[in-house]
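I'd like to ask some things about the structure below.
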């Protein structure tokens, strides 16, 4: 099976400080790839490089290849706005925009110029984010009035409105209660059949619950990647084992 | 010894307090004097009718109309440009670029140019150069718009109040949280879409504040319009862009300094000054209210 | 599902591109405005340097040097003041126009001096009180009050000066002329106080609280802390406040126009009427025929005013920036500053 995203000796720096070193990794269609590792290990830099969100950082530099469907994302003349709609991102802290729930959900399609059939798509996205039942009667209410867990699911639904091919989630459940976390994890499992999911998480147990394959980043290097069961039960590197068992973190 | 130190400290401290009191006192005296002398003559008739030929009687409606019309045109000119400049400075330009530094420098200096120099500038650039060129190009040399009129006076005031609008708008743009923009970019927004759909809607109150402050400055400043279109007695209200106009400020100035009979025009004069003062204060007050509402909201986020 | 061909290549966005063009050019428009102001004012002053017809009536040296040919109007045994008026006359509207700048220079300096003498101590003292001694409630009262004072149109201040202040000062101090530099200076100080106060108070508020705490820990009382610790720390800002105030005083037109008496003399006596640069332009431009030497001289004065206030503003703002830099890194973050986040700065 051909990977949907392929990194080949990809390196990244913020100014002079290296954030990623020679990362080579493939992401395959319809899988959930868990990305674990201690803080500062490069997980977020990796994720944000995929949809070129790091372009917004003043002194970001990269080297190597990052290919999406065999297109070199950093060297081809691509439309970045379109790229970010194909690789949708959900951030660690929920960012509901001021306005109603409908406004939040409709914004992506409106900006992309494809704002037809909104009502049906809104329901579909909210259902996929496991939020429909809770807000279906309150779509006109302010998004800021939702609870933290609901807001994060709203952000997930907002991203799904773009009909992305890949979902990039940056520690989406940090700070959420266990029930909301469970709902989001359930949603991701259900979404797998339509999208590819890359889930950066600080919670090693979450990766073991949800991810098909898991990648372990340490100090900017990809230490090891493989099927989740293998990584957790029988990791190739000792340092992987030490991190997973909580020896450091 | 320590008692002596305490006495000196108390003395100087109270001196500083006295200074504050003095400022409040003089403010009260000015406002109070104008209120006391201007209030009796104020009436609905006063603000809705035209002045008599000797300016000592009648109302000041043309001056009010002219002020409003002048400020309206000024606002239409200055707000889009000021908002665009602020958006450029805060959303588009690289913060360490030379150009940004120059623009900010230019804004600071614009704010410090004497009002009378603005009047000269308005005369030289707008009335003579722009107006003259338009006359030559469009009207075959006939004197149409190449003369002091409300369009050029409003343009002059627009340049004068530009820094006010830019500063207020930038303050509003700065108040929009960084991660709102990030979320929008992640949804595939272009830079302009981020500004249009996320940043600007959140900045409306700040822009409004800037506009109101600009309006307040435009109602009161007389020096820039002395030679660019203000007149002290007109038979008609300004209806075309190349008409001259009356304003409250200019009217106050003329009545104060060129009135043939000071005692006779005193009631009208005081009431005119009162109307101008009330208008200015109301505008400033509205702007302050909106601004403190914004600041309170900012502290909550 | 969007296709790969959509990913490569760009969607045409004409409306968006033109809006962005307007935004990007607005920065140039701002800079251009400032440049154009100087250009168009100086342009009308240029004939003073280049035109020979203008030179028949007035040249730059003639505006600065004394004229000894005007002595027939002098009485016998003239005083120094009368001699000065004869050597440096400003009489643009007469059969033989004379354009000496000295009366205007003296007039401007006179009223600026009086205004700053009154405004600076009061404004700085008030700023010290506001930032060092006043309780929060009082602070929230004084600052808006000063803003209100700043908001009073200068024509209203001039009106007040002419109607009330002039009579009051004349009666209180027994002044000979009703309109003089003291009256105008007091009125002008009302416009200068808000600027000096605001900049000085900002500078004092920016002094870190730790400075004051350290001073108190050493046993100083509040006044000593304010005067010997806070003030020196804020000194560049306070200096800037004075410079910016001076710029405001020199450039102010309406107040002076209405309360100075508009007499161009060389007298240093503040109890006499006088003329400033700005008031001269305002009073005489209306009557100066377009293209006449008088017209060009007035624009020349305008260009001169522009340069002076420009220099003063640059100096003032440079010092304000110095305060900011001096205290950066040491200063306590004010309420309006967002706290820095772990994510690096987003590019604008």
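By letter and in written order, the chains are A, B and C; residue numbering begins at 1 in each of them.
The criterion applied here is as follows: contacts are C-beta pairs under 8 Å (C-beta built on N, C-alpha and C of every residue); 3 or more make two chains touch, one makes a residue touch a chain.
It should be emphasised that the depicted structure is a prediction, and the values quoted were computed from it without experimental measurement.
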Pairwise touch network: line, ring, star, complete, or other: complete
Distance-to-centre winner among chains (Cα means, whole assembly as reference): B
Length of the line joining the C-alpha centres of chain B and chain C, rounded to whole Å: 17
Distance between chain centroids, defined by C-alpha means - chain A, chain B (Å): 49
Rounded Å distance, chain A centre to chain C centre (Cα mean): 56
Residue numbers of chain C (touch at least two other chains): 346-347
Where chain A touches two or more other chains, by residue: 56, 58, 82-83, 85
Residues of chain B touching at least two other chains: 94, 182, 190, 193
Chain C partner contacts - residues on chain B that touch it in the complex: 5-6, 8-10, 12-13, 15-20, 22-24, 26-27, 29-30, 33-34, 81, 84-85, 87-95, 99-100, 102-103, 105-121, 123-125, 129, 159, 162, 166, 177-178, 181-182, 190-193, 216, 219-223, 226-227, 249-250, 252-253, 256-257, 266, 269-270, 273, 276-277, 280-281, 284, 288, 295, 298-299
Chain B-facing residues of chain A, complex: 51, 53, 56, 58, 81-85, 88-89, 91, 93, 95, 97-98, 107-108, 110-112, 155, 158-159, 162
Residues of chain A touching chain C in the complex: 14, 55-59, 68-69, 71, 76-79, 82-83, 85-86, 113, 163, 165
Of all residues in chain B, those that touch chain A in their complex: 94, 179-180, 182-190, 193, 197-198, 201-202
Touch list for chain C against partner chain B, complex: 13, 16, 19-20, 22-24, 26-27, 29-31, 33-34, 36-37, 40-41, 43-44, 121-123, 125-126, 128-130, 132-134, 142, 144-149, 151-160, 162-164, 190, 193, 197, 221-224, 226-227, 244, 247-248, 250-254, 257-258, 278, 281-282, 285-286, 298-299, 302, 305-306, 309-310, 312-314, 317, 335-336, 338, 341, 343, 346-348
